[in-house]
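What follows is chain A paired twice: with chain B in the first complex and chain C in the second.
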Partner chain A sequence: MTLPLTPVWFVALPLLLAFASPLWVRLRLLMPLLVGTPAVLLLLALALLPEVRIAPLVETIVIAPPLGIHLQLDSASWILVALISFTGLLATAFIWLGDGESYLRDRRAFIFLLLLIAGCNGMVLTGDLFNLYVFLEISGVSAYALSALRRDAPALEAGLKYLLIGSVAAVFFLFAVVLVYLQIGQLNLAAIAEGFAGIPGPMQILIGLLMLVGLGIKAELFPFNFWVPDIYQGSHPVVAGLYSGFLVKAFLFVLFHLVFLLLADPGVAGAWLMGLGAATMLVAEVVALRQDDMRRMLAYSSLGQIGLIALALGFGAEATTAGGLFHMANHTLIKLVLFLTAAVLMRSFVSARLADLAGAGRARPLAAAFFVLGALAVMGLPPLNGFASKLWILKGFAEAGVFWPVALVLLAALIEAGYYFRWIKVLYEPRADLPEARAVERWGYAPIAVAAGLIVLLGVAPFLVDDLFIEGAQALLDRGAALSAVLGAGS
Partner chain B sequence: MLAFLNDPGVLHGIVVLGTLILFFIGLYGLLAKRHLLKVLIGIALMELSVYLLFIGLATSPGETAPILSDGLRSFTHMADPVPQALTLTAIVIGLAVLALGVSLAIQYHRLTGRADVASLTELKEPR
Partner chain C sequence: MSAILRLLFLIVSLSPGLLLLAWDGSLSWTLIDGVRLSLTLTPLAGFFMVLLAVAAPLVALPMLRRPLDWSSLALYVPLVLGMELLLLAGDFISFFIGWEIMTWSSYLLLLRSPRADLETSQSYILFNLASAFLLLAGILFYYSLSGDFRIGPLAGTTFGQELILAVLLGLAFLIKVGTLPLHIWVPSSYDQAPDLFSAFLSGAISKMGVYGLILLLTLFPDALTSLAGRLLEGPAAGYLLAWIGVVTSVVATYKAIAQEDMKRLLAYSSIAQVGYITTAIGVGSSLALAGALYLALVHTLVKVLLFISVAGIVLQTGQRRFKDLGKLIERMPVSFFGVLIGIIGLAGMPPLPGFAAKYLIFVSLVDARWLLLLAAMILASTAAFIYCYKLIYGPFLGHANSPQAREAREAPLIYLVPQVILMALLVLFGFLPGLPVQVLIDPVLVALGMETIGGASWAELTTTYGGYDGVVLMLVFIIAFVLVTGIFLLLRGRMHRAGSPYDLSYAGEVPTEGTPLHYGAGMGRELHRIPLVGWILRRGTRGFYLGLAGQMRAAAALLGSLYVGRPQIWILIAVVVFAASLAAQSMLGGL
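For the complex of A and B:
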């Protein structure tokens, strides 16, 4: 029997391995499989890339005709799937090699990490609205549990807060799904896209608002993102890196995918999302200035970049969308470096507060150097990758003759420089009574170094991946092609 | 006397009205109550109202269960099975999330002795 290489493995493999976890404990394979699963998924993504670039892969899992479920892997969702697998690979490698906290290395963490990957992959790939809800809840539940893993008061508080706000988001999204089904009688996204224009106007607006609240909370857009810094602060930095790295990106992708697919003219919705993105960016960057906990500061910085991505994707032009997707990938690499560095610093000094980390750069020069690299990249300094993608986005806006986002992005970068340099200055401050740093495993630096290497590589040579993101943007924006790929050429 | 209820329009109107009232009771519980368990109950009520709305509006009076048996050999006058399948799935998911939430709340209470949403203040803005 041969197992065909199809997109379903991106969901099925992590699910199967997660539920067979008692076996892996007995065979002492837990850690190798934790790292191996995202590695295999990344290889699978790379193997499927040549096919995806020719035409989107649509896989139909038929239960009993005509009932079936679509998974669609096109150039846009490929970027997200590859990003999820790669981020998962680096973060799990850090957990394994870094020899860190035991609660991240046991069976429960194994299950939740793999379920998070499965849920995000499913959300990005699915072509069915109700499946989207199920995957949204799978990734949600595993994220709540991951936040609360440490089981002390801050971790439980983070888990509880995440669960409360996440369930409210899920209820709103479910409400929208129900209304769509009652109106159209279909759950296939392509079929819904065809029928959506036939829904009465007020109902369209109600569905849109419910989806915006549901996915806006999950995608951390202003004004639904008040809860985010608490969660990032209470969770382990590696877990927070996963949230910032791919969980938010998956929700953001789903939000824009629905906008571009369902609406024949995404102009109005796009303008609203641009406004929300701009507000997210500015508010988050300003509030980040006064944070004195590294995880909280990084959370706000992450929100700022999410806002920038929403701003770029909402504009809906090919150049800004491609730049936005590129920035998604770049921001993931950057935040991975920063959050993993935060994990190393927290392990060394048992605190992530500004005052306790004074002079930490002298005891942990390598970690501080990675922090500086990540900070410079997030600000968008050449020759790092943040510069390449921000330039792409700004060029897209300038070509379209729209200049207010350009001004806002530059202003945000300026504020970013303000607070990141404050942290860098404190890290390198001379200090006589530097507390003894607790030992950290040297191998833990290896995943950070890989991400840092890519930050530099993509900054120096963005032309290596240009085509991928342009094709991704075309796939995301081209509604007609997406519909005919599922429904057949006649539609 | 209650024959007017067999009119789909009337029945669906009652369903919409009732579920919306239930939804807003849940929303009130979510926003106004401070005990963690009551907040969770509020969320559960909101979920339930969405399930009820779905099932209530997807079926009309006179439709039978979508099962072929006992002489029923065709798909006429049957309720649409998809909403029922979806609602079952959603109930299972909702139950799982609720159970996780309650267990976290209980652990938090055991650890700190607090069960008040307003007392979740370990993580907050500086100053």
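For the complex of A and C:
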């Protein structure tokens, strides 16, 4: 019997494996499966790529459209799925190879990591609004639990805070779902998209605002992102890397996917999101100037990049959208390098504070070198990948003759340089008394090195992948094609 | 392994020269959708490639002294390659990529110095990145005008568009060359950088800003004249640029005189010299551009020579302040000649080529009838004699003022080889001042569509206002030098020599150990009493930039107070924002 290669495995495989976890403990397969699952999903994504590039894969379970559960894998969601699997692979490989904290290596962590991957995959794939809510809750709950894994005061506090704010976000979103269902009587996204224009204007605005607040909290947009630094700081850096790497990207993608799918004219909503993105970017970069804890600094820097991506996607031109998607992928790689490096440094020096890491570059040259590479890439300096995607975004703005985002992005990058270079300088501080470094497993560097290699490769040769992102942008922006893929031609 | 790596390092440092010999044709490929990189070697870029080809290997050679700093060697590679890319760029994106690689790799090299502090390194990287981001903004604006990233003259643009482009790119390049008031990052970073790397910073990296400025002129159909018409005999837009350059030169020259530290003095002197170049670019005539290029060439040779000599002194004595040195002429004779030739070139005195370069610039100012500028420039370049004198007197003459200076030995051979090569080049160009003009500068002028200024032979430098023959001039000076030195040596036996620095008394007092007897001590302090000069010396832009940084931190604190750790506030803000936007919408649209 051959199993059909369909998008449903992106959700089903991690769910099934997570629920069978007692078996894997007994068979001592926990770690191999933790790394193996995202690896298999990545292979699946690669295997499906040729098909996806021809036409989106639509999979309907249970009943015929418009009733049923839809999974839709198009060029845009493929990017996210591949990104989630790849990030999951590197992070779990780091947990396995790095031989680190035991609480990241037990059964609970196994379950929640796989659930997080399943939830995020489900969110970006689903074509159904209620399923979207379910997946949003799955990924949310597993994220709260992952934050609290360490079970000491800061971790539990982070988990509880995350739970509170996450529940509020979910409530807002659920209200929006309920209102949509009351108005249209459908939960299929394509069907809603068709009927959305028929809803009275004020109700459209209410639904839009509810969704904006709900997803805005999850997607870390200003002024809904005040929870982010606390949670990132309280969580293990690897977990924070996953949040910054794909969790927030998945929410951001869902937000823009809904905007571009539901609204026939996304102009106004796009302008709002551009404004929020610009505010997110500038506020976060400025606040980061004063941060003395590496995890907190990285959290703010992550917010800044999220703002940039929102700014690019909100503009809705093909070049900025493609650049924005590319920047999503690049930022994931970069933040993965930075957060994993932070994990190495924290393990070596116990602290992530600026003062305690002074001179750490001499005791841990490899980790410091990776930090420098990640920092240069996140600031968008060539020849690294952050430059290629930023250039693409800025070029898109310049083509359209819109220059205020260009000025803001460059200003934000300059402010960003202000704190990243301060950290670099402090890491290489000449100090007589080198901080004492605890041993770290050298294999832990392997996943970082892979991500770093990709940072350089995508920076030098972005032409290898730019077609994927152009197709992704077209899939995201082309509302008509997305609708007809689900509802059939002529709709 | 180590030998192979060192060989590779040397090959990379020689690569600009190899590129000059071997490059023909062009290369191009697509970076991302719609961005095509292309590499060609224009004559203008070729000229600056020559500078790089001279500076890169000569700075690289002493870096190979043991113990090797592998990190520095590794960072030098992307630096040189980035600058090659910048010069080869046929489009603005490759130009920017090269520019940025140069920026971050030079910053990381700067960090290799244990003396680099946080303020210096931050000001270095932030000013240079500000320059880079202005450049990128200008490039994107250029792209929106021309629809292409290729570097070439614009057509059909309005005055406003040209002005925006000129301001964005001009500011970017002026930060890089370090003109007032954007120079604040230069002195401290040249001072605190690793000693040899300072030579490269001053000799090669600052020239990239000059390249950019000249490149900027080529973007406009009629260079500077098209921007704002003509003033007297020169372009009006350039008049502003020329004044920026001259004010920079005057202020930096006085600042240089007041310095107590060799490398800081050289740093201010670099600012002043690049100020002359900026002035010449502002004049924009073929004579002026020839002068600018000539001075860029001489400045590269001279500054690499001087910084390497100073690096040798610092290496052997561990001292970098004038008052801690002295009498090294007997202990470090080769370095003495290095500095001597260097300052003659730096001051623009005949017979060395520094004179030829300044002569061209002066003549071009006369030609444009910008006599006020000429007067200011002559003031600066005359005052420059004082710091040049300080540079030779402080370390080499007088009495040795520290135990290290008393026991110093000549710099290692690996430092002396580049010095000797540079001295030879300077003397050669002294004999043949027309050689750089005909071989290096005229092709650039031809490519820019200007008239050439080359004379009949390599030995001659000719202008419409007259010229001179380098061989004759050089011979006169050599004969005079030999005669004076001979007489001095003959008479020296009869002169009284002091046994110790305390072998004197003034006003009835016998100096003690604590009395600063060295000539260099406090030299330039009197300048503070000259009305205008004192005012200039007391002013600085450091306070302004520190204030700006302070304001940023205050803003960070203010905004940071939003990110409190209380979930009830997060939820409150979310609900309030939701309610407020709903209310705003209902008022605007009527729910």
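The working rule: the second predicted complex is superposed on the first by the 486 of 491 C-alpha atoms of A that agree within 3 Å, B and C clash if a C-alpha of one lies under 4 Å from a C-alpha of the other, contacts with A are read in each partner's own complex, and residues count from 1 in each chain.
Here is the rule we go by: a residue touches a chain if its C-beta (ideal position, glycine included) is under 8 Å from a C-beta of that chain, and two chains touch if they have at least 3 such contacts.
Here the structure is a predicted model, which means the values were calculated and not measured.
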Based on the superposed arrangement, let me know which partner A:D230 touches: chain B (first), chain C (second), both, or neither?
-> both
Counting only touches as set out at the top, which of chain B and chain C does A:V134 meet: first, second, both, neither?
-> first
Of chain B and chain C, which one contacts the greater number of residues in chain A?
-> C
Where does A:G201 make contact in the superposed view: on chain B (first), on chain C (second), on both, or on neither?
-> second
Could you tell me if A:W423 is touching chain B, chain C, both of them or neither one (first, second, both, neither)?
-> neither
Name the contact category of A:A322: first (chain B only), second (chain C only), both, or neither.
-> second
Which partner does A:K161 contact after superposing on A: first (chain B), second (chain C), both, neither?
-> both
Which partner does A:L381 reach: the first (chain B), the second (chain C), both, or neither?
-> second
Should A:R290 be classified as contacting the first partner (chain B), the second (chain C), both, or neither?
-> both
Which of chain B and chain C A:W9 touches, first, second, both or neither = neither
What residues on chain A does chain C touch that chain B touches too?
-> 161, 164, 168, 229-230, 287, 290
Hey, which residues of chain A end up touching chain B in the complex?
-> 130, 133-134, 137, 140-141, 144-145, 148, 151-154, 156-161, 163-164, 167-168, 170-171, 174-175, 178, 181-182, 185, 187, 229-231, 233-234, 287, 290-293, 296
Complex contacts: residues of chain A adjacent to chain C | 161, 164-165, 168, 172, 201-202, 205-206, 209-210, 213, 216-217, 223-224, 226-227, 229-230, 283, 286-290, 319, 322, 372, 376, 379, 381-383, 387-388, 391-392, 394-395, 397-399, 401, 403, 406-407, 410-411, 413-415, 417-418, 421-422, 424-426, 428, 430, 462-463, 466, 470
What residues on chain B touch chain A, complex-wise?
-> 30, 36, 39-40, 43, 46-47, 50, 53-54, 57-58, 80, 82-83, 86, 89-90, 93, 96-98, 100-101, 104-105, 107-108, 111-112, 117, 120, 122-126
Can you name the residues of chain C that touch chain A in the complex?
-> 29-35, 93, 96-97, 100-101, 103-104, 107-108, 111, 114, 116, 118, 121-122, 125-126, 129-130, 133, 136-137, 140-141, 143-144, 552-553, 555-557, 559-560, 562-565, 567, 569-571, 573-574, 577-578, 581-582, 585-586, 589-591
